[in-house]
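Shared between the two complexes below is chain A, which has chain B as its partner in the first and chain C in the second.
Moving on to the complex of A and B:
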């Protein structure tokens, strides 16, 4: 992977979750979408403030649904193929396509693949595991994000991002500090 | 600041809101309308038997609301959780309709001879020679006589209601005492409710199995299934939870439920409903799979009665209403958090219970088994249960008005009055 250079984003530090959520909401309303909140413990309002409930943010549930459907279909098709064509068996005169007996393995595969897709899909969509993340270049983030500080990062990928306007927006939201984070 | 702490305040009047009276009036009107329709239908068809069959169907549905409500009440005492506090008073009101359900049971016991073949046939051998029943029925009736007899039916029926009555009485009485209790702490009450509810759930599953074996399974004395009781238990939870959620959603438009109703708990209830949808199909399918695999003549004919001769599409639609529609709808997170849509799913599920109960009961009787056809008698399966359930609803709204809709003196109460995500 080529080394990326330049600014990753602007990182604002807050002392309380309330200030963070207000700031996230204000940034979202100002049109920013490429951003994230970093907190020592889950803050559900922060996810809502960033528009997590919007349809385009539902990657994990879609992957999970797709995995479940494909898993169920795959097993049902496999069983049907075996019993009808590959190794035709007529057990107790019930006919080769005994779908009743196929349900249980198909159901198990639905659950299995829905679960695997939800777990690994979540990791993939979060781009995890991530051995390197630019935010750890910020000393206050390193020290505070897992203990008692709340961070909002507006990323430079965002089309609205500008070093001056974004900074003034963040500074208007009463942060402890706003710093540039390098890649 | 927008995300400040705004805990709700409970209103001073915790009684049921005024619209409940309007709902009760509507329910009573529906009772009258359907009773009249049923009477007209009886005059046209001259088949009193069908009134009784419809009555049994109505009894089973009202029973599932009443006893299912009791079971969910015991479950929420044992598990805890804020959803339990939200549903507690509506569930208690459901359980207090037991006297009405007992009155509904009496006609079934009085007219048992017209409904149950084992009660009608006093001498199986003679009936077999007269060609009234077949050899399998004659054998089953004679063999099961020590259990399936009218005296036993009465005694067991009354005993079931007494046992449930004890649980209904104490759970309701203590809950009201707790509201205004200042001496004992939460621990005392929590232990007290748990100690009654835990064993109560075991007793519930045994007694309910007896009820559905006596009242529904014995319609076909030749057939037996060990899954049958569990199927009814789960379907009661299914029906009672759907109804309780529907009631809470309706009551949430008004105080006092409005101030304790949050999307978080609604979402939880939606998930619980989803679990019941899955458990219900699990039970129903397990029974089918076992009997299908066994393919034994004395078991399989119960399904043949319900699948062949035009009943196939009814069974297919039962599957559609009972599982396919609620399952795929409840998969959606947004739907579970939307009041109107969740209420629609609850209505579909309640309709499915009607459909399923009809499918369980109607094909037991010669003339209708393996032969689905229109007759004016068949319409009683709509009119009689509709009238009975409407009457039950009217009585339910009356019991709902007898006490405050929010249980006080509960540790969950301050939490449920907090804004959403109060832990953050």
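Moving on to the complex of A and C:
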């Protein structure tokens, strides 16, 4: 991938979550779509203001469900295969396919793989791990985004983005500061 | 506790509800971040930490010695005999894993019930789970004597002997229940920590700290989209951990209930084991939380409300445990089975009867009569003592279940007795050292209270609806 150069976007800093949500709504209404909010704890309203609806996306839940089904089936099949074909044990003539006993490991594996898929699926859908991100270049970002400040970034690859208009839009929303972020 | 402490003038009392606050007033996003990151990022490790870590580490060394000798000599160095083929190993295994269960209860079940007060004790309760599972898992592994030879009959993998495990055995169920429990606990704990690791990365002054926390934070930047998926994943993990934690102790109780020993073969075992697990686990939460909040001055964040609530959970689960004991006796009577009846009598009045009375005193007589008092539940010294007593009692519960049933089974000719050796004691005490040492490392190296979750319950975290309507309406 070629090295990306130039402006990543304009980053506005806010003091309270309410100001951030107001700004995100205003930018969305002004037609911006390539944008993101950055908060030190989950602010559902900010995601909604950008038109992002996780329950509708269903990504994490689907991965989790798939993992659970596959995990449970895999273990149950393995147990049945072992007990019937690979290593049948004749204990006082009892049936080989004693599925009741197999439920327990299969149940555990359902949970194991559903959980692993939910956790790692969430990271994958979020494109993490990503040790480098242009926003880390912003001097105020790392001092606040994971602690006590609220950020809105309008990204330069949005068709509506222009250094002057976007900046004046953000500045009209009473931010603490608006800065350019480079790649 | 003096009367003035519970008067409305006390700033820790919420005037609206008259309850203790979950978090002391006056905290801001910044003050929380500062307070909690400083504990970890300070270059000056408190002397007390070194003292405690050294002590716990030396006790853990006993475990190393005991296990080394075990691997050299075999399980004959333990006190297990015929008929008591299950001794300390299973008692300690059940005890430790039970302790772990409260961590999952706090992090998963209370999350699903939207119990916001849990936020500040959640992380270290989960850490407690992890370290308790480490200690617990050690026992089934080392009780095989030569664990490196046990792999082929414990894990289903293709091997040159063409051998496959026996999935009808409760030992196999244990392997899958405990390994799943350990894995999911690690994932849940780590996922929950990622945003805080981001904070640590951004706060760390040293290059090394920035690098390590930066790697562990996986580039977390608090994007609103990420947060939404993160919240979904947390809820899903909580929803999965809830049936998991109930199943783990159920499976462990099957180790007993599937056997036909008198006193083991009962259907009450799964619920009674789970309740006992949560009972001892909350006791351990208190044992850990009380000294930590004192030593690190975290009374603002781990308030009397938390301790009070832990006391209430102990009261409730303690009564389920008491119900289990009564059902045990009632079952023996109702079964009209003379072996069951003799077992119950022998358990209470037999040669090992003293252990039963210790258990009755420490799990029922003392805690369940005193935990009713709100004043006592808010008395830190009392809670600390009661937590130690309950943990002792829960250990004796497992001792009673294992030893009294095995020493007196159907045939009087096979009766025996049980006496633990010094290696048994060294292994058990050693795991306590290991647990404490791991805990010391955890509180020194990782944020022990989840900052991102604490921020959510601060007054500043709420969206001001009026302002939003006013400004966002246009």
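Here, the second predicted complex is superposed on the first by the 136 of 183 C-alpha atoms of A that agree within 3 Å, B and C clash if a C-alpha of one lies under 4 Å from a C-alpha of the other, contacts with A are read in each partner's own complex, and residues count from 1 in each chain.
Keep in mind that, in the parts below, a residue touches a chain if its C-beta (ideal position, glycine included) is under 8 Å from a C-beta of that chain, and two chains touch if they have at least 3 such contacts.
None of the values given here were measured: they were computed from a predicted structure.
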Just chain B (first), just chain C (second), both, or neither: which does A:142 touch?
-> second
If you stack the two complexes on chain A, which partner ends up touching A:42: first (chain B), second (chain C), both, or neither?
-> both
Name the contact category of A:18: first (chain B only), second (chain C only), both, or neither.
-> both
Dominant toucher of chain A (residue count), chain B or chain C | C
Would you check which partner chain A:92 touches, where first means chain B only, second means chain C only, and both and neither mean what they say?
-> first
Between chain B and chain C, which residues of chain A are contacted by each of them?
-> 17-18, 21-22, 25, 41-45, 61, 101, 104
Please give the residue numbers of chain A that touch chain B in the complex, ascending.
-> 17-18, 21-22, 25, 41-45, 53, 61, 65, 92, 94, 100-101, 103-104
Quick one: in the complex, what on chain B touches chain A?
-> 1-4, 285, 288-289, 292-293, 295, 331, 333-334, 421, 424
How about chain C: which of its residues touch chain A in the complex?
-> 28-30, 33, 156, 162-168, 172-173, 176-177, 179-180, 183-184, 187-188, 190-191, 195, 198-199, 201-203, 214-215, 218-233, 236-237, 240-241, 243-244, 247, 251, 254, 451-453, 455-456, 460-464, 467-468, 471-472
Touching residues on chain A, where the partner in the complex is chain C = 16-18, 21-22, 24-26, 36-47, 50, 52, 54-55, 57, 59-61, 64, 68, 75, 78-79, 82-83, 86-87, 89, 98, 101-102, 104-105, 107-109, 111-112, 114-116, 118-123, 125-126, 128-133, 135-136, 141-143, 145-148
